[in-house]
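Naming follows writing order (A, B, C and D), and every chain is counted from residue 1.
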Amino acid sequence: MHDECGVVGITSTENLPLKIYYALYSLQHRGQESAGIATYNNGMKLRRGMGLVPEVFTEEDINQLNGKQGIGHVRYTTSGDTNLESSQPLMVTHQKGRLAIAHNGHITNSMEIRRQLEEDGHVFSTGNDTEIIAHLISKHLIKTDDITNALKRSMKKLKGSYALTILIKDKIIAVRDPHGIKPLCIGKHKNGYIIASESAAIDTIGAELTRDVNPGEIITIQNKKLKSHQLTKKQNAHCFFEHVYFARPDSIMDGKSNYECRLQIGRKLGEKYPVPNADLVSPVPDSGITFAIGYAETSNLEYAESLMKNRYVGRTFIMPNQGMREDAVRLKLNAVKSNVKNKEIVLVDDSIVRGTTSKRIIKILKKAGAKKVHLRVGAPKIISTCHLGIDMADKNKLIAHNATTKEIKQKIGADSLKYIKINEMLDAMNINKNKLCLGCLNEKYPVPKQNTKTLQTKIE
Amino acid sequence: MHDECGVVGITSTENLPLKIYYALYSLQHRGQESAGIATYNNGMKLRRGMGLVPEVFTEEDINQLNGKQGIGHVRYTTSGDTNLESSQPLMVTHQKGRLAIAHNGHITNSMEIRRQLEEDGHVFSTGNDTEIIAHLISKHLIKTDDITNALKRSMKKLKGSYALTILIKDKIIAVRDPHGIKPLCIGKHKNGYIIASESAAIDTIGAELTRDVNPGEIITIQNKKLKSHQLTKKQNAHCFFEHVYFARPDSIMDGKSNYECRLQIGRKLGEKYPVPNADLVSPVPDSGITFAIGYAETSNLEYAESLMKNRYVGRTFIMPNQGMREDAVRLKLNAVKSNVKNKEIVLVDDSIVRGTTSKRIIKILKKAGAKKVHLRVGAPKIISTCHLGIDMADKNKLIAHNATTKEIKQKIGADSLKYIKINEMLDAMNINKNKLCLGCLNEKYPVPKQNTKTLQTKIE
Amino acid sequence: MHDECGVVGITSTENLPLKIYYALYSLQHRGQESAGIATYNNGMKLRRGMGLVPEVFTEEDINQLNGKQGIGHVRYTTSGDTNLESSQPLMVTHQKGRLAIAHNGHITNSMEIRRQLEEDGHVFSTGNDTEIIAHLISKHLIKTDDITNALKRSMKKLKGSYALTILIKDKIIAVRDPHGIKPLCIGKHKNGYIIASESAAIDTIGAELTRDVNPGEIITIQNKKLKSHQLTKKQNAHCFFEHVYFARPDSIMDGKSNYECRLQIGRKLGEKYPVPNADLVSPVPDSGITFAIGYAETSNLEYAESLMKNRYVGRTFIMPNQGMREDAVRLKLNAVKSNVKNKEIVLVDDSIVRGTTSKRIIKILKKAGAKKVHLRVGAPKIISTCHLGIDMADKNKLIAHNATTKEIKQKIGADSLKYIKINEMLDAMNINKNKLCLGCLNEKYPVPKQNTKTLQTKIE
Amino acid sequence: MHDECGVVGITSTENLPLKIYYALYSLQHRGQESAGIATYNNGMKLRRGMGLVPEVFTEEDINQLNGKQGIGHVRYTTSGDTNLESSQPLMVTHQKGRLAIAHNGHITNSMEIRRQLEEDGHVFSTGNDTEIIAHLISKHLIKTDDITNALKRSMKKLKGSYALTILIKDKIIAVRDPHGIKPLCIGKHKNGYIIASESAAIDTIGAELTRDVNPGEIITIQNKKLKSHQLTKKQNAHCFFEHVYFARPDSIMDGKSNYECRLQIGRKLGEKYPVPNADLVSPVPDSGITFAIGYAETSNLEYAESLMKNRYVGRTFIMPNQGMREDAVRLKLNAVKSNVKNKEIVLVDDSIVRGTTSKRIIKILKKAGAKKVHLRVGAPKIISTCHLGIDMADKNKLIAHNATTKEIKQKIGADSLKYIKINEMLDAMNINKNKLCLGCLNEKYPVPKQNTKTLQTKIE
């Protein structure tokens, strides 16, 4: 449903491709389509492939990638082609040398920049955002011969969301867009630094989280020294959905523990939307768990697991014909009879996007004998799409688009339905409204959408 | 660590291989090494392979297996060869026809039976337990021409644990050893019956759990009719470890909900072994979750997740050298900082076998800033191995073998350590001691070990 | 079209699995479906798999198979199931120990023997010929405790064709049926012996061909000593088709060089069936080459290649719809224009079975401008099937079944067609008619077909 | 040893990706490393992969590539990286649209052109010859908006060998370098045209060879119309090695049948370098066959196969340690005893590059009992490398580099050795010396080597 990318950059005084491998593995939830690592050791090496991190890299790959500086990427595309050529890091060469780049985000004026570069004579192989960024940086690097200056000039052009890690010879550069829409943070280990989309990657390699990369900041790491260059800041607009759903609960982002955010939202839900007569509170596993724990506390209801997730059900699956479609749902989630039969259940989930999963889960619980199912949702009503990097489905497939809560309740078959309100969520998270991007909730985006009609002419 | 097999048998008036596929998928936790399905449709068809259920069967396989009766098997070997020839179901032919058989358990006198069959001239292809059972049944089937009689005679010989599903033409037969060591239960769906190791498989295909197959019972299903033949019962000896760890929490076995067993043990642990000053209670995910929920209730402590499990870490994995071994542990389980730093934590796990995992987890928590870690364990001290189907590791690798709780506590680095006591566990589960096999806890086994020295001569 | 198996057995004072691998690779033309190796080294090891020799065995497999005695098998099934369980060598255990067996041939009374063994209580896993032979030998081995006696007794029962290599501990045994239908020969290398279906395998491992295993001979090799036991011989009936098509031209069988046989037949064809006005003689590559060389000599015509074979066209292939079917044929064989356009060509092939390939090839030549195409065939008219191990297609799919040469000529579009006559072939090969099995040519078989109707009752 | 690429371009009024697949399959000998197809159908589609043609393309791939114009490529790299990114066709986009390009050859001034393009701001992804050509063409296409003009300008810059097929929307363009170093020819089928490296590809899809693309000619095909634009011609310099070894014998190139070239060279060898007392003439299969047929004719010796090639020995292979290295050679080529033992053999091969294979083969024949082995070679002494697209090995690995024929004879163990002389070869082929590139024979190249030292600075 919701997908993005994860980026990593590490420096060390020791050989590090296995550290990048572990860091990417810890960010696997941010992209399962492709993975790649680029390292430097008197020349640049690159290994990319389709699939999960352990599928893409063999032990031999890791050995051959030996180097003391490197970047990595995991990807689920939200634009561009779903093929190997579009996997990252992307490596390009230009007059002044070579650079590799890994990108998380979505450039809203990519077509416009591309047209300008094409007018300068640039020729593209894939035409995706990352290649456009790489060409733009290269163009300025040729002129200025200084990566910080080249990035400053490039960032004046770039609109949208981007968290980048860049490798140039033995230097790692990290960049975050001026609104800080996508997360990016800095860690320190005994032999160097790590830049990563989430602090869980920093934990995984045994490093310590230092701080976030600031919105509009350019970080350069070389010879164990980290330098920072800060562009004029814009209004912060961190994606609230990272905190609430997309990122790992054990990650800390822009100063907030995602676990705490979810727990406090759950508590707030329990306080504001209790169900006094309910028998128990249960999460939709796994994303609803932390919310449900919080809800149980403030509602004084018993916390119990009423649905068990089959840990082996992955991507491959023989789908049945219509008649057995329900078996497929039960294979993924099965009711715990003793917690469901004749019970009035408060079911807690992180968010509702299309509503199809919610509907199926409620059906399973009802069929297993649930007396009532009350749904409580940790994210406010999602009424619009995201053009800044989260794959939310088409607007008219969003169940909350042009629908009242009552209508949604009926569609999914819940006995009651309550979403957290925007202000309640902000209150629970203890974040100022102005610090977050809430575009999919209120249609106020930090960066407007690209006017695709005027600019995009078909390329045959 | 602990491994076994899962068996299934289904009859229907409609084509059913996809139902068997779903049922096996729901039992995947019982064996990830190989899977197989045999069906009948004017002749028997068999498809077996190494790997997980979705890896073994393609859609074409399922189509070619068309039939209205069938059995299935998932396996992780605890004896015999780890190769395709030893995967199940096993299909054999004899004077009177053909039979396919799927087995969960361990025959303790297999070598003796094999010697006797060899003296009768039997020739074996694999020599594993299942082939010995198949030959023994065939031998009696040739004589008696009646499967129930053949099974009765065979069961007089067989010692150890066994839950079998057998396919002979359009007939499904299910058998459970006289002690009922291994689980086996019966479900009914609108077009027929299902026999399965666990009720979760029954749920998955949309059937209703009817009852358990009784210890020493032979069930025959043909033409939508189910017949039962009961052998003289012996003392029940259901494996307690199925309830506490091995089987799914959403399965009901021998009348007991595994979820309830684990929850009540957790509650008992909280009642008997509280830690009044602790800040929170956390499970070792996933197996400790239900116990921890129960513990939190009776101890009046906050339930919180202090460890996050990476859902993508599966079987394939590049293992690092010594220096990065800890990264590999953190990749699987990462601390949630806000629940760990400066906290006194009660950590709840289902059982301790070797103790290596417990030691590593406590180390992670301490490194993440935990003030104290108190470990509470839902299974009593495991002091001996299992020769009836659970792979417990060698006796001298069991951390509780010849060690006091105090010694174990020190080895694993816990600040305090409490195991549930046997009687407390039985009390919590509300089961009579005489109904369970507690061999690994008290070395009292329902069936003695095979004297391998006298019987097993090396076969070259 | 025509397929069989290849067997190998090697002894050495050194580790030999790689020698078996090479020997099997040199016999790959005898079976491309599966391959297997069994070796002995204080216990027996077995590795079997589906596919070509280099696909089945990895370097690790070969290392793990270490041993100083071993047997091997390549297979294309002419009976039984086409799955891994039916691949060979087959390993069985019985009262007195273990044996592995590799078989080339077809047992005509297998069903009868199976019934008798079943009456003795034998239970089968696959029911194919090889398992039946293994059980029969085991049965007698249990009684006599002596492999030579067990084989003598077994051979009294076995009817049909068989060339066997058997491994029992550090002993290799080779057996050839009393008619010598299937080839089997003995070679000597500096550290031991090799038994193989063809002498090309002996050449490949650098050994010297000693002699053929005699029809009805049992060879036992242990401790560098070779012993022979000769059963009462029956009339020799070596398969003529091995000499003419199936075996490698560089193999020597039953005293005859296959290359010489084919060359002499070609010369005879040229002598008896010349085409005085033809421009050139061309083979159908590869099987017609040696015949065509001989033909060119005695007919005093120029030898030229008029068809080029694409060496990369193997098993996998996207087949086109009807409209492009000819492209697929041309992809395999393309005309050499300068040798075809306006030429009168004598085309020489080894044999015609169904006639479909001949028809297509003549069409290609005509389309490329050939004035006339005269076909000369190195094997007499194949009018009947083989039940002794060569897969000849159904009788009524044989183009020469119930058809005159004239009718065949018209069907395939040749301008003239001549088969070698049986006596001419025997004359050319310099072999007495009584020494060969010519069953598919004259329906006189050394062993009658199995009466499948009376014996084979369906096993469900 | 010697490797290159193959290119194809087809237009039709019907869907054609399967035609491209067949054409590429027929050119598989020109490159086994990667394959790719690009087609046009209201947008461009591209599918590339590592491996043989049937491994790269599934039936689904072919279906998805539907279109009526397309180009294809098979590749074995002689420069650049051996990875997927460097496989072809290469597709790029620029200001005026998109183009796909397939290239056979080697650009000698690629580094210089790249530097110039980089100075214009071009950024490269792979930096290989094909990307440089694509950028160069794009640069001029942006300026001129006309592909013929863009190509004319590009060809003024490009030095070296190139045969290109290009796809722009529904237009196929073919280009051959001004010396015609690499082959490229035109065929016509009922619904359109085909451009291909060899006429065998034209035959395979059922088309008729029309003529060669002329050196320095630009062919444009659109709407069933073929237009030609001829640049000022330079001295022709067709690669002689294509005729003698690299291309298929059934291909016709620059007006010459390769089969005829090889046959006539063989005849000339027989005439000039007979061995009156020899028993027979044999080819080194497969490349020596046509030469040997010719030699046998003029020398009046018997043509016989003394070496059999194992058709199953492909790319995968377990290599033995030193002790069994000879087995590996014999696995590929085995002596036909009856044609070798006590025989004086004239062995005919197409060429000698490193000499290692010749040495091994002679050893096999001697070991099999050959009295004498006289080697006759269809290509003159190869004394220098090729920098125009044939991979000849390093200069000092060429056995004829700085060695007399007598020295070579001794190194390889032949009893006599004769190469065809350059003039004899030209005479036999009936080609004027000035029409061919004989650089590897006489070090006179049509295009000088790139001065890599001054231009190539390391890119990190």
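To be clear about the criterion, a contact is a pair of C-beta atoms (placed from the backbone, for glycine too) under 8 Å apart; a residue touches a chain by one contact, two chains touch by 3 or more.
Just so it is clear, the structure is predicted and the values come from calculations on it, not from any experiment.
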Common touching chains of chain B and chain A: none
Which number of steps is the smallest that gets you from chain B over to chain D via touching chains? 2
Can you tell me which chain lies farthest from chain A, using the average of the Cα atoms as each chain's centre? C
So how far apart, in whole Å, are chain B and chain C when each is placed at the average of its C-alpha atoms? 49
Distance between the CA centroids of chain A and chain C (whole Å) is 61
Rounded to the nearest Å, the gap between Cα centres of chain C and chain D is 37
Would you mind listing the residues of chain B that make contact with two or more other chains? none
Pairwise, which chains touch? A-B, A-D, B-C, C-D
Chain A contacts chain B in the complex at 18-19, 21-22, 25-26, 28-29, 32, 52-55, 57-59, 62, 200, 203-206, 248-250, 252, 257, 259-260, 263, 286, 289-290, 293, 296-297, 302-305, 308, 310-314, 316-318, 320, 324, 326-328, 330-331, 334-339, 368
Chain C contacts chain B in the complex at 40, 42-44, 84-85, 90-95, 97-98, 115, 118-125, 127, 131, 134-135, 138-139, 142, 169, 458-460
